[in-house]
Amino acid sequence: MSFLQCKSVSHAYVSKHDTKLVLKEINLGIDEGEFISFIGPSGCGKTTLLSIISGLLNQTDGDVILENDVISKPNDKIGYMLQQDYLFPWKTIEENILIGLKIRNKLKEKNKQYALDLLKEMNLAEVINKYPGELSGGMRQRAALVRTLATKPKLLLLDEPFSALDFQTKLKLENLVFDTLKSRNKTAILVTHDIGEAIAMSDRIYCLSANPGKISSIFDIPKELRTLSPFEARHHKKYAELFQTVWQEMDRLEN
Amino acid sequence: MQSFFKLFGRRWIVLKTERLLQLQKSYVKKLRKEKHFILLMQFVIFLSFFALWELSSTLHWIDPLLFSKPSKIISLFFEKLAEGTMLTHVGVTLLETIFGFLLGTSIGTILAAILWSSNLFAKVSDPYLVILNAMPKVALGPILIVSFGPGYVSIIAMGAIISVIITTLVVYSAFNNVDENYVKVMKTFGATKWQCFKEVILPNCFPTIISTLKVNVGLSWVGVIVGEFLVSQKGLGYLIIYGFQVFNFTLVLLSLIIIAVFATLMYKLVEVVEHKLIKNHSNS
Amino acid sequence: SKEETQKIRVAEVTRSIFYAPFYVALENGYFEEEGLEIDLKTTWGGDKTMTALLSDGADVALVGSETTIYVYAQGAKDPVINFAQLTQTDGTFLVSREKIDNFSWDDLKGSTFLGMRKGGMPQMVGEFVLRKHGIDPHNDMTLIQNIEYANVPNAFASGTGDFVQLFEPVASMFEEQGIGHIVASFGEESGHVPYTVFMAKQSYLTDNEEAMKKFTKAIYKAQKWVESHSAEEIAKVIAPYFEDTELSLIETVTANYKNQGSFATDPILDEEEWENLQNIMDQSGELPKQVDYKTLVNTKIAKEVMKK
Amino acid sequence: MQSFFKLFGRRWIVLKTERLLQLQKSYVKKLRKEKHFILLMQFVIFLSFFALWELSSTLHWIDPLLFSKPSKIISLFFEKLAEGTMLTHVGVTLLETIFGFLLGTSIGTILAAILWSSNLFAKVSDPYLVILNAMPKVALGPILIVSFGPGYVSIIAMGAIISVIITTLVVYSAFNNVDENYVKVMKTFGATKWQCFKEVILPNCFPTIISTLKVNVGLSWVGVIVGEFLVSQKGLGYLIIYGFQVFNFTLVLLSLIIIAVFATLMYKLVEVVEHKLIKNHSNS
Amino acid sequence: MSFLQCKSVSHAYVSKHDTKLVLKEINLGIDEGEFISFIGPSGCGKTTLLSIISGLLNQTDGDVILENDVISKPNDKIGYMLQQDYLFPWKTIEENILIGLKIRNKLKEKNKQYALDLLKEMNLAEVINKYPGELSGGMRQRAALVRTLATKPKLLLLDEPFSALDFQTKLKLENLVFDTLKSRNKTAILVTHDIGEAIAMSDRIYCLSANPGKISSIFDIPKELRTLSPFEARHHKKYAELFQTVWQEMDRLEN
């Protein structure tokens, strides 16, 4: 059985005036260590799906199973990174990255050291006592990554983590995140609008169509690209080909 | 287990619309139930408050002379209504409040515009504005009476003066906080300062101005009531003072309740206007 | 000239049965007979009434004479002159929480006394009377003087104080409701004082002497009427001015005042009363300076009116 | 022309630092000049206001009895200061205001927290909060005296009551407007509602709470002054009423000026605290 | 002489505590109909330079000359588009696109028709009476373009016009803007962080270095790419080459 399994996951948002079926029968399986991307038109339910997998939102139907456990509430094994960094502006970077451990009552010296080491690895050691407001966008996003990784989740959910960054910073962070996750053999699900990013970073791409959101196609990334760093992958010739294919699929989905 | 899901999944597709409708129905039902519960609770609180009041007054747990009781207040209300005097009192206070409110808001906005138009003037007047703002305006009552005489003018002036400085400050700061890129857009078209004000600054701050209205209505009530405490022949504040004078607490409490009702109505009215006017304003 | 009615704006310090003769004059049409139209305004409190007069918001004020002394002492160029007296005693009563059968003023010693606010006539007369009975108001008892005039009754009713100094109709109401018991009258104890008087700015008096004579005449007429009629009859006449007070209560109160001779029987403010007032103010430490009777009192008008 | 630019450009490089320094210098000079001008203007306004007042009072353009004059006010001030009574009055009012202010703010915040913790409770109490908010609290003065007795408690209660509902509403709305993604982050770590409140909601709304302080200081002054109008034998509000009663307008105006000074000081103090506390809060 | 010339343009921001030289001797000439890009690290003065060219900001030194006129205040011939759309939320789309004509007192029927035609061309005809809040990001940016073009400027200044859009929308808008400007033979200056965008859209790229901002290198785009639409250009092999070169230059500038 896969590391993570979604079984016939459906979700409908019910409001006073109508009920909107946002996700319809999502079935997927992800193995440990895989890097998966979801792409799809705006509003197709990507964030909803991540929320369901993370246990923050309870689906209307179906099951999410992580290592044989049914997920129905936030779980230690899962880390979730939002679109913007959402660092707490009133806490220093140190307090920010330790908040997860604090909440989980795991603020032992060993875990703390792990978080601080991560911070160092991300080249953020010297800003440890600064406030988020004093950092650049890229640094903040890196700090947010440390915060998420500090609790040692096995599965990482990344909801458009790079969309608020400028192009160069984004390319650099892609590499960094890719390396960090691969070296720790983390499983990851990335939501993005950027087809290039999806191709460059992941092992498999799920294309979602909208209204209701369902998996419309799956692209396996060629081995040649998988082993390359995202930046290198972007300049491989297979990248351009795949880009065209996915682009057309997306175009079709949007119209 | 997998087969169960498959099955379930299949069944689900077939029943899709039905299932969704059912979800919706049970949700709406839950909502309605909650709403009814809330209404019920509110009603219970309302009723038990007045019932308790009536009871404790009747049983002399509280002094009925000081706290009167609801039944007496209601009968006094109808009595006054029949006499027709209540309408006059309410009318007078309402008019004073509305005048004070409109005066305060418009003068405040105009002052804010003047401050905005001249940076130098704004800087010069800054410390004075701070002092005027911090000053508890109700203390000026005697001065108003001396300046405007003991009559409606003083009361309306009190209703206006209490809100004018805070309006000036809030609206001026809104004027200054307009995203300068909007003005930049105007300037690329060669707009004058006045054009920028008319087309960008003022409409951009409209929501703020309307929001100050909500605060100002409340302030004007305070000003008018304090004004009526000091000088008046008519009005709800007068009724309170008069009620005290003749030790008629039923009258005092009746006036308080009527004030609460009308202040709330006016506040709600401004809120409705606010919602209407701001609807198109908000950027998504 | 009787052809044309002249409008006179009167500011009264409060609405009180204590001023019954004035309302009688209004209600019985005495002012109209004199060709005057009265525009009556209640300006709650002596301070506001005097302000109304000084800032030309009113032509004539009905308020205690002590205010004219305050104003004069501040160096007014156009002082306010007393010209017709309406009441001649204090109008407050001593009310005790417990029923006392044989009241003696010594009962006040060691008690908590809820008095009127500092600087006003009721407070000064109150302290004067206490002192007259050998009580040092600031040492022999706990004196509470911090409450605004209109809020004194409810402070007492909600449990503050053993004794309270109250105006009518509240005193009688408390008696009726059993909240307190009238044990003495400050009016009886104070002796005659110019307690409530019609007054106007000197300049106004000079410019409108005829009108003021007519005004005083109307008042005098009412004073005589009140003197010769029963409390019941008076109460009926003035009832429209006290919408929310029961007729029987108005009658009781009128009787109380009438019996203790609170209503002046003529508009003349005597020199003796004036000196008594200054004496009372002096004892309370509120007299800014001695003011000559002639300076602030005009008796000419009243005397002329009474001659006719 | 081109050659001129070349030349100029070259010269400019050489003079670069010098030129920049000069730019800076003339800018700073201009700033200083403007600042001096502003100070001068403020001073001129200040002076001419009081001079005009003194003059028109002396020349009887305005009634010196009603409007007094600055010289008399100043001499009265020193007289009262020498007597030592002024300090007591100021002290009493300040204490009452501070207590009322702290009480109002803290009770309001606690109420807001309770509302936040129970959505149902918030919904049930909504209409009551609207009414209480719209109600001009100064009208409740007499009721307070009946409830709390004629003393400091009533005055402080007035100072508190006037700000408590508006604090509740503003802070509660701030609690509710916290970007839900902050809470989402907490929830991914499995945080409880209380942890979310402590770690996110409260610190996030700290700036709002501090900002309400500024409003509350002003409101508490209003409440305390109105309270002192009703019951007091000490304090600046009492001095105003007393001065009015004995027709000593010099005393009334002196009290007003002192109130203005202290209200401004207190406002500025809160502003300083606000700046200090919020500094690190703002997100870039 | 060129259509637009910057001659030794320098600018220093003077504040109370220090003076910061932001632009130092910028010299450049742009011919009519050219499409130019400025790229450079954040804070290197790109926006400042655009503001100076537009006449909104007066430079400390040097001259900006447009068709023989010295620019010192906003000019009819120049249109400026900001990073975000900055449509006025309280005006309808129609009012928004006509504001320039209104301010310039040129609200004649002919000009109005021109603006409305442009709107139609941008596929916005049916939202003419809507408010900006009701439109998607891409639609808003297109409306902003119409607003800028409505006054018929000869020179367009575009300050990161696509940076707030998602990837697909951005690619589509690039094409649209490119076509619109080329077909009307407008001269344009584009500021961007995205190297790919600069290569795909422009005829020449100016790389600015920071502190103080000056032109550090100029890249002429090969003819092959110039004639292609941006989207096509991105998949040309010369694109990848040039991307690498510019990337390295940028990397050098940033460190």
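Going in written order, the chains are labelled A, B, C, D and E, and every chain counts its residues from 1.
Definition applied: contacts are C-beta pairs under 8 Å (C-beta built on N, C-alpha and C of every residue); 3 or more make two chains touch, one makes a residue touch a chain.
Listed by chain with UniProt protein names: A, E = Spermidine/putrescine ABC transporter ATP-binding protein; B, D = ABC transporter permease.
This is a predicted model, so every value here is computed, not measured.
Student: In contact with subunit B and with subunit D at once: which chains are those? Just list them.
Tutor: A, C, E
Student: By CA centroid distance, what chain is farthest from subunit E?
Tutor: C
Student: Quick one: name the chains whose C-beta contact count is the highest of any pair.
Tutor: After counting contacts between each pair of chains, the winner is B-D.
Student: Please compute the C-alpha centroid of subunit C, do the same for subunit E, then give the distance between them in whole Å.
Tutor: Result: the chain centres lie 84 Å from each other.
Student: Averaging over Cα atoms per chain, report the distance between subunit C and subunit D in Å.
Tutor: 43
Student: Subunit A to subunit E: how many Å between their CA centres?
Tutor: Chain centroid spacing, subunit A to subunit E, equals 34 Å.
Student: Which residues does subunit B have that touch at least 2 chains other than itself?
Tutor: Counting only residues that touch two or more other chains, subunit B contributes 66, 142, 146, 244.
Student: For subunit C, write out the residues touching at least two other chains, lowest number first.
Tutor: Within subunit C, residues 47-48, 51, 54-55, 150-151, 154, 157-158 contact more than one other chain.
Student: Which of the chains are touching one another, listed as pairs?
Tutor: Pairwise, the chains that meet the contact rule are A-B, A-D, A-E, B-C, B-D, B-E, C-D, D-E.
Student: Which positions of subunit D touch subunit E when the two form their complex?
Tutor: 2, 5-6, 8-9, 12-13, 16, 20-21, 23-24, 27-28, 31
Student: Over in the complex, which subunit A residues touch subunit E? Could you list them?
Tutor: Contacts found on subunit A: 42, 163, 166-168, 193-196, 235, 240, 243-244, 247, 250-251, 254.
Student: Using the touch definition from the top, list the residues of subunit C that touch subunit B in their complex.
Tutor: It comes out as residues 11, 14-15, 41-44, 47-48, 51-52, 54-58, 150-151, 153-154, 157-158, 169-170, 173, 177, 179, 242-245.
Student: Which residues of subunit B touch subunit E once you look at their complex with the stated criterion?
Tutor: Those residues of subunit B that touch subunit E are 179, 181-182, 184-191, 195, 199-200, 203-204, 206, 280-284.
Student: Give every residue of subunit E touching subunit B within the complex, in rising order.
Tutor: 54, 56, 73-76, 78-80, 82, 84, 86, 88-91, 99-100, 103-104, 131-134, 151
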